[in-house]
Every structure is written in structure tokens, then in C-alpha cells.
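Listed below are the structures to be examined.
In the two complexes that follow, chain A is the common piece, with chain B as its partner first and chain C second.
Take a look at the complex of A and B:
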């Protein structure tokens, strides 16, 4: 597959000296669903707006389908954007909103009307054709915005925080719908979001950004299971970040002393120096409860004091103190009720264990308190 | 119960709020009606007097009321001086309005859309003339024109009104622009529409009501403006100037008649504009 969009060494500094995007290079493959993920102010929206033509980069090039579009205004670019809060034209009807981009495209009136009607049928709003946007529900508005952006058959559909206006239920169903739409029409989607769940569910590939730079890019599973930095580990899903010191490192495993606990780690990359200060990332759902023979062979076996139990309905999150100010969050899916779970009272001792291969080791004390998703 | 009683002082017995007896309520409604009537009378009694006397065949405005007549209207509409003054006033109002729109709309767009050095100072300066008393604007423009050696005429009156009232269009359109979602401009560009067409297809329809509203205001203010006109007019008289000079010889029923016509036209204008402005919203609601 060829890259349909290449962002080459793009930098954008806003007045006041804020460097929103700092030397970003990124290639988007034709037909993929790419998501730029990051907290607000990380430069993700600015990057998307530069692709759309609403901001011009100070340095670098943007090449769309083999053509340099860096200096083209938005109305000359073959991409369309679905705006945050949709930006529907309040003075036009639903049908006029959808057909807006066609009236300019040199299409005959009858042809345009038929296209609009097809689009209305697809989004199941044929009966609302003559309504104004103000009379629609949020979900309907979103479908109109989507139809309006797609009707010109753009080379890339840009989505700026498309779900931010929706409530949790609608958001979930829209995620599925958008993903299905992407698979159906095979168009390249480029989305920006701060919501890690959205990114994980929908994307073929995720690009994590922070302070104007790309931190890591990869498939959702790559990023989740092999985060390259503590920042990514924390931003995608939740992670227990445990500080410690390396006591042994050989044969692809390392032992790390974390206060009262000794944890072995299956190494992915180069072995750290003995005595180095490191940060371990342990996913809450990778930790199992139980000790000794309950655990598969080779597992780390720890014990700690149960501090808190947070009930989430279908799951439970336990906060377990493993000594020396280190708190492990443990996630358990509840197959049976919470009552049936063999748990000591809060303050009691629990045994737990986890696979050394599920632990990620970051050299350096790290910043265990990296920003969480909003 | 605990929460219900929380706001009561301890020991207080909870009671249902006593409903006022019906006659009591009637009394307060009647009092309200009287007050409302007084306010309306205060606002409209003078105008009503003028309208009534325009149909009275007494030569002077005095009771008792004589016979009904339309002769003052006939007189007014056959008085060439008065008709010329009305014509002049219309010309001035229309031209001043054109100047205000030509200056006001682009200025409002610039203020709302672009950041430029000195923007705050510029905004204050363009809005300042509206806060100046007309007499100051009049005197200063008079000395300005006489320095330049420009002869006073309707043109200078038009320029004077243009300066005095442009700020009305600017503030009104600017306020509307600040309220509308700028992303719809971007959405239009995104859909392949050039900035100029975007202005016609998106910006203008969304600021239309503020333009019509401020136009009506400017037109009316210009039509009956005296202080600026007083200093800047040459041989031609506008209607308020004509009335003012005619009144020095006493209020004639003819002036009552022309006043009534102006009021009638104003009401029609207001109703028409209200219909234009409100109808789209109403139509939407009906569906």
C-alpha cells in the first residue's frame, strides 16, 4: 500500500512562541484508519488542521496523493473534515447542508439532488431533509456532518474529536458505526482524539503525541502491550508505575528491587546496568490474585495489604499496598458476584502474582505521574 | 422530613402558604393595569394628540374639537417646500445609510476576524462618534469642511450622518459576528467554496438580521436628525429642519398631518422588518 499523505518535518509555532507542532513526520497509508492521540495541547488538532489547510506550517511539507499541498487553501484540497461540534450551517436545511459542497463542484442540479437524496437515505434522515440543524438531535447532527464531509468523495476524511459532543452510550455505538463505515468504503480516515478507548477501538494505527512531537506510533496492540515510554504506557489504558533498582540482569531477564518486593522482568530490549534506577509498568488486568501453587510457574509472587476495593459493576479494582509507598492497582473481571470473590477485609493481606513477560521496564526513574486521559 | 424542615427556624410550625383571597388578586391586577396604562399614556399621549389634531379643522390646536377633515393632508402634500424637505430627508437618510453599511460591515468583519496591531485602539476609535453629542460632531465637521473650502450642501449633511451613525452598524454587526460559530466559515472552505462565495452563502445570511436591524435604526436616526444637520446643511432643508423653522411661526395642523404620515410609515417599516426577521424562525416552528 502506498502512502496517500506524507507529513514531512512539519513545524508550527503560534504567536506568543508556543510551538504547537515540532518537527512531525508521518506517513498515512491509503485506506487506513489512523488516529492521533494525545492530551489537549499536544499538537494533534493543529496537525489535522494543517492537513485540512486551516493552518499553514512554518516549516516542512505536506504531500497529498503525490502532490504538494502545503500552501493550498482548504477549498483547493481534496480532503474533507468532520468538525468538532459539527459546524453545520444553521441557516440551511439538512439537505442543503449535505449538498453544500456539490453546488460548487460543477455538478448539475438534478445530479446533485440525487446524490443528496442517496446520502440522506444512507444516514436514514430522508424525512428530516427540510429541517434545520437546530431541530436535530446530537446523533442526527453527527450523521449530517458525516454525510456532508463524505459527499465530495475526499481522498482523506479528517475527523476532529468526532465523539466529543456525544454522551457515553451514543459514543459507543458511533464508534462501531464509524469503524464499520470505514471498512465498507475503504476511505482513508484520519482522526484526532484525546480518548484512548476511542483510539484503541477504532484505529488501524495510533500515533501518540505529546508537546508537539510524536512519541510512538503503532497498532493498538503494539502500543498497549509494548509502550515505548512511560507516557504511552500511562496514556493508553492504565498502568501501575513502580520505581525500583536493578539488582541482576542476565539472559534476557532482570531482577528489580522495588522496596519490599523483588520483581523479575522478561527483557524486550537491551539489558539495563545493574544498580540502574528503573520504572516498571504493570497493567492492572495482568495481575492475578493468589500465591504459591495457584500461580503458573515463573510468575512473580508478591504479597501486600488490601487498601481499597472499588466496585465497577462488571469488574472490581483493588488497591494493594506492596510496601514502601508502592500501590498496585489490580483489575478483576467479575464472573460471579463480588460476594463470591475470596477477598480478605480491607487491611488484610493478599497474595498476588504476574508474568515477568507482562512487565515493561523503562530505564530512568521515569515520570510515574504522566498525564492521564481527560 | 428532616430535609423539608431544614429551612424553618426551630420551633416554627410548618404551615401551608396561605392562598390569597381572590378579590385581593383582582385588586393587584387592576393596580397593575392602571400603572401600565399610565406608562403607555406617558409615552403615547403626545403622539396621539398630534394625530388627532391632524384631522381637526380648527386652524389652531385648541379644544373644543371641531369637525373632522383631511384638508391638512391635502395642504401638506401640495406644499412644495415641505415636499422638497421630505425628499431631501429621504436622500440624506438613504445615502448616509449606504455610507454606514459600506464602512460598517467591512469594519465589523475586520474587527471580528483578524488580529492586528492597535486593534483595541481602532475599535474604540470607530465606535467613539456614537458617544459624541451631535452638536460636537456638527461643529467639528463644520470647521473641517470650511477649512477645506467645501461648500455646505446635502452632501456635507450625508457625510456628517455617515460619520455619526457608522458605529451603529459596526457595533451591531460585530456583536452578531462574535456570536456565530466561526467554524462554519472553515466548513464552507473545507467543502470547496472560495472566501468570497463563502461570504455570500454563509456569512451574510447569518448576519442579515443585524444588518437589517441597524439599517432601520440608522435610517430613522438620520431621517429626523437635527444637531449635525443644523451645522452642515446649505440651502436645502431636511424635514426636521423645515418643521423646526415652521414651528417658529406656531404649530400648524399641516405639521400634525405630516407627522402622522411619518408615524404611519415608521410603523409600517417596523412591522415589515419584524415580519422579514421573524418569519423564518416561525416557519420552522410550524413544521
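Take a look at the complex of A and C:
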């Protein structure tokens, strides 16, 4: 596949010396749904805005469809952006908003009117054509913004936190809608978000950024199952970060002593040195309850003390103390009610286990206490 | 019950002072003026009556119509010149000056002349434009002219310049307020859709700043329409405005009924302008949220 967009060694420093984007290189494939994910201030929005032409990089090039657009103003770039606040023109009607960019595109009035009508029909707002944006619901506003960004048939659609103005319910349905739209029209989508669920649900590929740099890029499953750093492991989903010391390392497996527990890990990369201090990442949903013969062969088998039970309706989260100040969060989907679950009272002993292959080992003590990034 | 009554008393106590003030210094004088405008003049006295000769006189004698039209013309010119100066300045301040501190300094520097006496500011222009004034001295020193130019002062041009200077803050303030409220994403959105800087200005920024422009125009128009100091100090012989005539009626001419009638006409014109601009503003009021 050909790259439609190449961001080459781009750096952007703002007044006051804040380096928002630091030597970022990224290629976007034609037709893919790429998401830049990161906390606020990580440089993701600045990167997107440089593609749109709203910021100019201090160094590096931006090549769009084989053409260097680094120094072009936004109105000369064949990309369109859907803004976080939708940026609908309040003094124009819905139809005028959607058709705003067409008059410039050298299209006849009648042709433009037909295009706008088609777009209005697609977003099912034909009856609202002569309304002002202020009269629309937030979901309708978003559809208008989307139609307006697509009507010029951009080479890439840029989406700046498109769901942040929506409530949880609407957000979920819009995620599905946007994803479906992407698959339908085959256009390249480049989205920026701080919401990991959004990134996981919608993207073909996720780029995780932190303090102006790309930390890791890959498909959602790659990033979730094989995070390259503790930062990624914590940002995408939640992880139990358990500190320990390597006691054995051979034949693609390592044994790590974590306080009272001994955990074996199926190694992905190079074997760590024996005696090295490491951090293990264990996903809460990968842990199963039960011990001994209940567990599949080869599983780590631990026991701990139940500290807390957090009921989430469809699922339950247990905090289990596995000794030496190491707390494991365990996530269980509730097929039946919470009452039917064989749980000891809080303070009782529980057995648990997990696959060595689901454990990620990071060398270095890491930041085991790192909070879940939002 | 007692609580409700106390609340009512408190409310009455709170609003009575402003209401009394408003009635005594605004409403009553307007009513008196309206009454006097129907009186008859028997020089040097006016006697109560109810007749409209004073109003007829305004439109019957061409000199008053001329002065009314002149006042309208001058006020419109002042508004246009003020707008032409204030809008680019304000646009520059809001969109081009990046540093908030520099922006505040320039803004305050624009507004601060309001703290200086009005009379003094008109006098400044007398000093600038006069035959022995700063501008003439400068022109002679540079060698552009050999003798002082006399067309600079004591004409309608000088009046328009002076009033435009004085009323600039009243144009800048409302335009500043509207421009500042325009979300930057709208301007970026327009450019994103392929429209260049000039097109974006004409199709987005300018229409969205119309409410501020209307308020600025209303301010400058009404202020210059009622001005009688600039005509006197820098206006020269052919620049009497309606307010000058009114002040003469209450002074040397001792014709209060006629002065009142002129004042009522002036009040009517100003109220009409304010109402019209308010209508436009309401019609165009938009939710920028």
C-alpha cells in the first residue's frame, strides 16, 4: 500500500520554548483509519493541525500524496478537518454551511446545490436545510460538520477529538457510524483522541504519543497485547504493574520473584539478566479465579487475600493482595449475578492464575505506581 | 407573610433611590421640554399654549432644514471615518497581536483619552490644525509649503477629523468585544474549506462583527449629532450643527419653545437611529457558543 501522507522528522516548538512535537516521523497508508492517541499536551493535536496547515513545523517536511505541502496554507491543501467544536458558521444555514467550500471549488451553482442536497439526504437532515446551526442538536451538528468536511472530497479527513462534545450514549453510536462510513467510502481518516476506547474501537492503526514523541505505533491488538512500554500498557486499557526481580531466564521464559509470589513469563524479546529488576504488566481480564486443577496447564498459580469488590453491573473488579504490597486488580465479566459468583468474604483467601504468555515484562523497575491515564 | 413583606420593603428601599433620580432628572425634564415645545413666545417670555407653530417653523425656514441636514451629514461622515480607522485597528489588535500584554497596552492607549476632558481634546486639535499649529509648522519646516495652509481648520473637514478622533474609542470598544468572541475555529474552518484570507474575512469575520459595528455606528452617530463644542472650536462659520442652534435658542435668542421643539426633533432622530440599530442587531444576533 502506498503512503498518502508522510510526516518526516517534524518538530514544532511554541513560544515560550514548549516543544509540542519533537522529531515525529509517520507514514499514513491510503485508506486506513489512523488514530493518534495520547493525553492532552502530548502533541497529537499539533501534529494534526500541521497536516491541516494551521501550524507550520519548525523543521521537517509534510508530504501529501507525493507533494510537499509543508509551507502551504490550509486553503491550498486537499485535506479537510472536522473540528472539535465543529466550527459551524453560526450566521449561515445548514445548507450554506455544507456548501461553503464548494463555491470556491469552481463548481456551478446548480451542481453545488445538488451536491449539498445529496449530502443533506445522506445525513438525513434534508428538512433542516434552512435552519441555523444553533437550532440543531449536538448530534445533528456533528453530522453537518462531517458532511461539510467530506463534500470537497479531501484526500484525508482529519478528525480533531470528534466525540468530545458528545455524551456517552451518542459517542458510542457515532463511533460505530464513523467506522462504518470509513469502511464504506474508503477514505483515509486521521483522528486525534485521548480516549483509548475510541481509538481501540475505530482505528486500523494507533499511534501513541507522549511529550511530543511517538511512543509506539501498531494495530489496536498489537498495542493492547504487546505494549512496548509501561506507558502504553497503562494508556491502552488498564494494567497491573507488578515490580519484581528476575530469578531465572532461559528458553524463552523467565521467572520473576514478586514479593511473596513467583511468576513465570513467556518472553517476547531478549532475555533479561538474572537479578535484574523488572516490571510485569498483567491485564486484569487475563487473570482467572481458581487454583490447581481448575487452571490450564502451565498457568501461573497464585493465592492472595481479597481486599475489595467493585461491582460494575455487567462485570466485577476484585482487588486481591498477593503479598508484599502488591495488589492485583482482577476483572470478571458477570455471566450470572454477582451473588452466584463463588467469592470468599472480603479478607478471605482466593486462588488465581494467568497465562505466562499474557504477561509483559519491562526491564527496569518502571513506574509501577503509574496511574491509569484517563 | 411577614418575611415576604419585609422582602418587599427591602426591594422598595433598594430601587426607590434610582427610580426617584431617574424621574426627577430625566423623565420630568423631558416632559417639561415637550410641554414647552408647544408654548408660544412673546419675547422675552414664553406663555403656555398648545400649538405646533414651533415645529412648523423648523421645516418652513430653510436655514433650519439646512442645519439639520448638515448635522446628519457630518454625523454620518464622522461615523464612517471613525469606522474606517477603528475597524482595521481593532482587527489588528484582536487577530494579529499575539502577545496579550501588547494587546492590552494598545487597547488601553486607545481608550485612555476618554479620561481626558472632552474640551481639552478638542483644543488639542485646534493646536494641531491651527495656522500657527503643529501641522503647519511641521509642513513649513519640511519645506512642503511656504506659508501656513488655512484649509486645515475652521471648516467641516476639521470638525469631522476632530470628532472622529474623539469618538474612536466608542467604535473600538464594541467592535473589539465582537471580534474577540469569534471562535478561531470558525476562521480556521473557513480556510480549511478552501477559502483564502480575504474571502474568510468577507464571509465570516465581517458578518459576525456586524453587531459590534452597529453599536459603534450608533454611538458615534448619536454623539456627533449632539455635539456643539467641535463646531464652535474648529468648525468655522459654515458648520453650525443642530445643537448650536438649540443652545442659541436657550441663550441669546431667548426662544425656549422653539429650542424645545428643535430638541424634540433631535431626540426623535436619535431614538429612531437607536431603535433601528437595535432591531438590526437583534435580527442578526447569533449564538456563537
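To be clear about the criterion, the second predicted complex is superposed on the first by the 370 of 374 C-alpha atoms of A that agree within 3 Å, B and C clash if a C-alpha of one lies under 4 Å from a C-alpha of the other, contacts with A are read in each partner's own complex, and residues count from 1 in each chain.
Going forward, a residue touches a chain if its C-beta (ideal position, glycine included) is under 8 Å from a C-beta of that chain, and two chains touch if they have at least 3 such contacts.
The shown structure was predicted, so the numbers you read here are calculated from the model rather than taken from an experiment.
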Partners on chain A (chain B, chain C) - clash or fit: clash
First (chain B), second (chain C), both or neither touched by A:85: both
Contacts of A:131 with chain B and chain C, given as first, second, both or neither: first
Those residues of chain A which chain B touches in one complex and chain C touches in the other: 15, 52-54, 73-75, 79-81, 83-85, 87-91, 100-101, 104-105, 132, 134, 148-149, 152
Interfacial residue positions of chain A with respect to chain C in the complex: 15, 52-54, 73-75, 79-81, 83-85, 87-91, 100-101, 104-105, 132, 134, 148-149, 152
Chain A-facing residues of chain B, complex: 115, 180-181, 183-184, 186-195, 197, 201-202, 205-206, 284, 287
Complex contacts: residues of chain A adjacent to chain B: 15, 52-54, 73-76, 79-81, 83-85, 87-91, 100-101, 104-105, 130-132, 134-135, 148-149, 152
Chain A-facing residues of chain C, complex: 98, 183, 185-186, 188-196, 199, 203-204, 207-208, 284, 286-289
